[in-house]
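As structure tokens, here come the structures.
Each of the two complexes below includes chain A, the first together with chain B, the second together with chain C.
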Partner chain A sequence: MQITETLGLLLALSFVISLLALTILIWAIANKQVHTPDADDARTIFEPGEGADTDAPNDPHHFNAARAGIDASSSSVVMWLIAAAVFWLIYGSLHGLAASLELHLPDLMSGTAQMTFGRMRTVHLNSVAYGWASQGGLAAVCWILPRIFRTELRMTGLLKTGIVLWNIGLAAGVFAIANGWTDGLEWLEIPWQIDIVLAAGAACFVAPLIATAKHRNVHHIYVSGWYFLAAVLWFPVLFVIANIPGVHHGVEQATMNWWYAHNVLGLWLTPLGVGAAYYFIPKIIGKPVYSYALSLVGFWALALFYSQVGIHHLIGGPVPTWLVTLSVVHSVMMFVPVIAVAINQHVTVAANLWALKESIPLRFISFGAVMYTLASFQGSIEALRSVNTITHFTHYTVAHAHLGAYAFVSLVLMGVIYQVVPRATGKYWPFPRMIAWHFWLNVIGFAIYFFSLTIGGVLQGLAQLDATKPFADSVTLLKPYLEGRSLGGGLMTLGHVLLVINLIAIGFAKKTRETETENMVAAE
Partner chain B sequence: MTDKKPDPRRPDETFEPFEATRRIPWPVYSIAIALAIWGVIMLVQTSTAVQVADKAQTEAAKQEPTKLAQAAAPDLDAGKTLFADNCATCHGDAGEGVTGAFPPLHGSDIVKLGGAKAVTQIVMRGIGGKLNVNGESYEGEMPAFGSVLSDTEISEVASYVATGLNDDAKTISAPEVADIRKVAGDMDPLDGGAGLAGLINNLPAQPESAAAEKGPGSERVAQLVSQGSGTVWACASCHGDKGEGTETVPRLAGLPAPYLAKQLHDFQKGTRPNDSMAYVAKGLSDQEIVELANYYATMTSPSGAKPSLEGDLKRGAQLAKEGDWSIGVPACFTCHGPSGVGVAPNFPGIAAQQPAYVAHQLAMWAGGARHNSPLGLMAGIGKALNDADRRAVADYLASLAPMPAMDKTELAAMESNIPVREGVDQ
Partner chain C sequence: MNRYLPLAITALAILALATLFLVIAPGMQISAQGPTSGLKPYTEAEARGREVYVSLGCLYCHSQQPRSLAQAPDAERGWGRASVAGDYAYDAPHQLGTMRTGPDLMDIGDRMPSQAWQLTHLYQPRAISSWSIMPAYPYLFTHKDKAGPDDVVVKLPAKYAPKSGVIVAKQDALDLVKYLQGMTRQYAPPKDGLRDNGYALIAEKQREATDATKASN
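Here is the complex of A and B:
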């Protein structure tokens, strides 16, 4: 199949249709055509006497999830997911750190094929993307969805089967990559034969979460629920289409590759992170998010515009000009949903800065949410041809990728872990000071990492564009910045080790409480 | 646990998040509208640009065949102009020739016997060595114009020589030239008068071919070029079978032997930085360097270069022929010889050089990465040229005829001048 004019017209229409849909949505909101959730919608609709009495029956915004048995239904699944996610976080971090070291100490591990840069980096990406962020995000989904739907998590046995399959598939995939067996496309390196196991695992996640949504006891779906349900449906579609062997060839394959790779970020990891932040920021602060109307705009603009974003990675490549332009336009349109989410989340935090002192999980989550805003703004600007000319093929892109996947998604998920684990296990964190240490190691480590690579990347890009400089100059000038990256990455990894120590220790700690009526701020 | 008092504003654990009912702030509207307008403009602009490019392409494709059809009857006036531009420099304005060096084209027995077809062969392939015309002996080197002139242009100039300067009534058409190019386009230059034997019937007596007397070691050097040895990669693997180069790999055929030898020594010493060539050159002995330099200096081959950098050819011609004193750049040809054929020992031929190589080297001179020119001449020139100028002059030089092979006697005279490793580094 070729990218014909008809296909081009259809794709260009996608922009026009998205624009039209967004206009109608905003018009509908402005003219109060959209039914806004009032107090009644948010109230539980348990049958009388079903045992769902709230602590404050007159206040629809209070609900005791623990007493209703909801947390009990999800806690073991959530803990399985967190344990697996943190394992892959450590495994992936060590590989990332090794790959980073290899860039400025090239002979460090050159003796073994499995330990060369090409494989180390690939193992790092697959471990953190599919092992850490995906499972960490699913842990948030499994914890939050039942709570906002005020019903138990369904089909937990199938979910656990999914977890086992997913981790077996991922371990096999990472082993294959380390030994040189890959599909050779970025983000799609795991051989398609192994992807079948992963797809089966993913399928096991979809059914229980849909079943839970079907049994919900609220009429209005809180914004986190939209993001989570959409992500859970989007990801399997993306994953299966991109991994079918023998369908995509040549330039079209590259186009599909970046369509997939960017959508994994925007339509899978982003909704997981944004959804989690949408739940925990108001939850911990105790104040509503700014505006329901903005929630709508933020979600639907993401859904409408994101899918075409990835092709801007092929600026300068042999793909049709209009296809790249379409992607650039869609990338820039991402300002709309990001601004909507930013107002909704940051206004709530900015009006309640005291809570950042009180709650370290909130610090992680809110910091991550701010990084979402910054990463998205940066991404939109990076997609412009004039900027891309300099930053393409440089470490600037690597810094940007980590701003999104690490500073945003990973930090939000770490906050979720610190917030959820005590409530899922009924235990306090044994070493609360370590949590603060973890936060600052990650923030400082990431700052070093990000600014090193951003500055180094711009200098690298300018050197590559300067015809009077030999190419080697653009490589050698990077050395101090790559060393800075390893330093930052080392601090980040150290922070992850503190998380593991706390997590293992909490496993051996004694249970201190039966219910969770008190508000546990983790660092206390 | 700290004994800090919890903040009284802290909610109790049962609070569940919800969304307040506020309106969308007006900046969100305006940003969304502005971006949507910008997006539509971008898409319309791109589609217009694509349509324009498509149109230009289809029109160019349409024009090609009409041009060929018209050329069935060659335009002799155009041929005269081409003659004045390309041939008259050596053969004289009226084709009268230069005694002993360049044979006459007006009233020439060879042209009369061979007609436009023989002229086409000579123009396309070039010719070098001893040649008898009208009973007199000539010895010169004519470069191949196959890469310089199109089929139509060759048909015009060859027809002009055959019918305008001689009384042969037969012209040659562009398709006929195209047929000759298919067969002879890649062939080496004709070997003097002896080389014409297969092309012209009843050819008047011609001197013996001065077939390359192979010097000592030439067998060995040919093997080095084609197969390499040890750390020395086969030269031909990058520079091509005919030393014609490609992209940023330079054409070597016909460059002065002392220049080539100096560059190899400079690669060895690192005074001309290039990781690949340093590796190769370090594996060469001084003797091998001399032999390789001679090998390429005496090699003739058709030009493999053509303008490919979208440079402005007029600007390139100006820089090459006149220079641009407003930026302090002298004409390339001042040092590199008329038509850029090179001036031994220090100034290499730059005509028919690969354009990407020339532009890259000019940039390297400008940035200081290459700094081995005599008296640092090229550094100043490189710095004065901007990117567009570098592409313009590189493309123009690529459109020229390649330099003819270096004369063997000239070469022998120079051999004593070839710098050895400890030689003066300029």
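Here is the complex of A and C:
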């Protein structure tokens, strides 16, 4: 009992530390103890006199001569990352779709071990998390950081080495998983021997991005920079610590597992998506975000609260009560950073709805930003013990995971790709109407996906809580919802194919804006 | 927020704090518990079977953590008592799981001890339960014209049986079944096992509240 009290005290302590830190921050901002980011700081992303950056026909995108050197330094790195990311998006989508089909057509592909559900699903997760979202996010980082710092991207050779290592490591990891060699923990399946290559690849990203920050020519670090610079430190640390072999076993390993897995979302993919949205929403619209001071609270509250939510994946499990409660409380506290970000991003868009018509990339990005708000609200509520007891072991969780990783992160990153590629290559998208088709296929496909699994998941959970119903009921009732998921997933995958067609076509297209090319050469 | 170094240090300090609370502190508390008394390490065959379980990704549909009666009727389904941290002392990698597309397997050895049942079910789950959506694992078996003296033949209904010859379990299938058969906890339940008692505490508080209302009436 003694030890329980000590740990209860620790729990209270952790929460008090988080709250205290946040209170001090708010006090400091209110009393001007720290330099509060203000409207001028929010405008650091604009050149003097710069307006909206849409690709509307009457407002073709401009290419700023002053920035041309920056473009030249980052373009090829960004294009490498985008090409690799989109490859893994397709590879991962096809595996996701196959895994989805297997759940309602179990004898469809049961001939080989490589194609069994447990491996298909795992290849899907690793491909989209580490191949698509991570590299798509890094593409945004490598594009945005030099711009907000008004300096060239540094050490691009090392960055390219990192990209090569990361993709070799990931390909080897995915091949290993498909063939049955796995470390066996969710999100940490890639064997640790292969993780060494991935860790080396990740390390290659840290120095160049820090060097770029060191050479910045602006006084203020724009909010996207906080998220990106913190995330590029957080991820390598998380990845290396979690993959050290032989340290943990049993339930200790389970808490480590979910500390890692939820932090990959909270301290890696989320900052990449939020940071990208914080840059592109005001940039495309041509007006600064609504309340820039609020972004500081949003950032630090995310770091404090999001980093401790992971154990809500083990609610009702064989882990200490205080630990579960700690994660539940921090999950609920996530309302603070999420509302801060929501006010900044959504109010900016809501006041400039015209821009959604003019810019399809903005449509993707701001749809994604709204989904971040919804996914986080849902996550906070889902972590409550009363709700979690229904949803915990069901497909509801899968729907929630895709609301965050797909509707939020992936849609933001697709918007980033549509916005950045023309500017990195000096070409226009050959099939602009296909971009709109992609958007609607993804939105409609995802809606079918999400509502199928959400409704199905709740029914599955309720059936399993009802002792009078045999377990079989929870399986049979799920079937139509699993079919719905395959339909939605199929539409989403089709949207991704349209992206690939456009991307390949733009590769073969001629440069259309000669003046920009001249500026790029002249600035070098 | 204009300087890089303070940002980096604070960001990493926050991650260190989270690691202390989510990994280091619970790790110390859990390892102090040790294995539940009576829990035996895996035999060689069971350990090999567990590797097959991990490599095929059974984890993604089956949990190994029955919940308490205060939360869910897992025990009423015959899935066993609520598990405690010490029950997993020999598990690496842990396979607690987060999904129940299929049932919890913590006590599958108690429920389904028959090797014949398990082999048929692995070869073709729908030969046993028509509603099942579990994958079939035909590659854990071989098709032979005639069974050898040491071969374990899989019993199959006519619908799923080969036209001629027999289906024989490979070593991987036999090991996997050994692992599943070993999934029992026939040792005495621990007294002060470590687990999330949140639901029991909530139920207790609710009982106290009802009692208090009754008393005041």
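Going forward, the second predicted complex is superposed on the first by the 468 of 524 C-alpha atoms of A that agree within 3 Å, B and C clash if a C-alpha of one lies under 4 Å from a C-alpha of the other, contacts with A are read in each partner's own complex, and residues count from 1 in each chain.
Basically, a residue touches a chain if its C-beta (ideal position, glycine included) is under 8 Å from a C-beta of that chain, and two chains touch if they have at least 3 such contacts.
In this text the structure is predicted, and so the values were computed from the model without any measurement.
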Key: Touching partner for A:T321 - first (chain B), second (chain C), both, neither   = both
Inquiry  = A:K214 in the overlay: touching chain B, chain C, both, or neither? Say first, second, both or neither.
reply    = second
Touching partner for A:T151 - first (chain B), second (chain C), both, neither = neither
Message = Quick check on the superposed pair: does A:S73 touch chain B, chain C, both, or neither? Answer first, second, both or neither.
response = neither
Ask   = Thinking of the overlay built on chain A, is A:I285 touched by chain B (first), by chain C (second), by both, or by neither?
value = first
Message = Quick check for you: in the superposed arrangement, does A:T454 touch first (chain B), second (chain C), both or neither?
response = neither
Request  = Could you figure out whether chain B or chain C reaches more residues of chain A?
outcome  = C
Key: First, second, both or neither for A:S366, with chain B first and chain C second   = neither
Query = For A:I26, is the partner it touches chain B (first), chain C (second), both, or none of the two (neither)?
reply = first
Message = Which partner chains sit in contact with A:P106 here, chain B, chain C, both or neither? Use first/second/both/neither.
response = second
Task = Report, in rising order, the residues of chain A that make contact with chain B in one complex and with chain C in the other.
result = 37, 223, 320-321, 325-326, 466-467, 472
Note = Counting only contacts in the complex, chain C reaches chain A at residues 1-4, 7-8, 10-12, 14-15, 17-19, 21-23, 25-27, 29-32, 54-61, 63, 65, 67-68, 71-73, 76-77, 82-85, 87-103, 125-126, 129, 131-139, 193-199, 201-202
Message = With touch defined as at the start, can you tell me which chain A residues reach chain B in the complex?
response = 12, 15, 19, 22, 26, 29-30, 36-38, 42, 54-56, 60-66, 147-148, 222-224, 278-279, 281-295, 297, 320-322, 325-326, 328-330, 332-333, 335-336, 339-340, 343-344, 352, 354-355, 358, 428, 432, 466-470, 472-473, 516-521, 524
Inquiry  = Considering only the defined contacts, which chain B positions touch chain A in the complex?
reply    = 1-2, 4, 6-7, 9-25, 27-29, 31-32, 35-36, 38-40, 42-43, 46-47, 49-50, 273, 275, 359-360, 363-364, 366-369, 382, 387, 390
Residue ranges of chain A touching chain C (in the complex, touch as defined) = 3, 7, 10, 14, 17, 35, 37, 102-104, 106-107, 110-113, 116-119, 121-122, 180-186, 210, 213-214, 219-221, 223, 226, 229-230, 233-234, 237-238, 241, 248-259, 263, 267, 296, 299-300, 303-304, 307-308, 310-311, 313-321, 323-327, 385, 389, 392-395, 397-398, 464-467, 471-472, 474-476, 478-479, 482
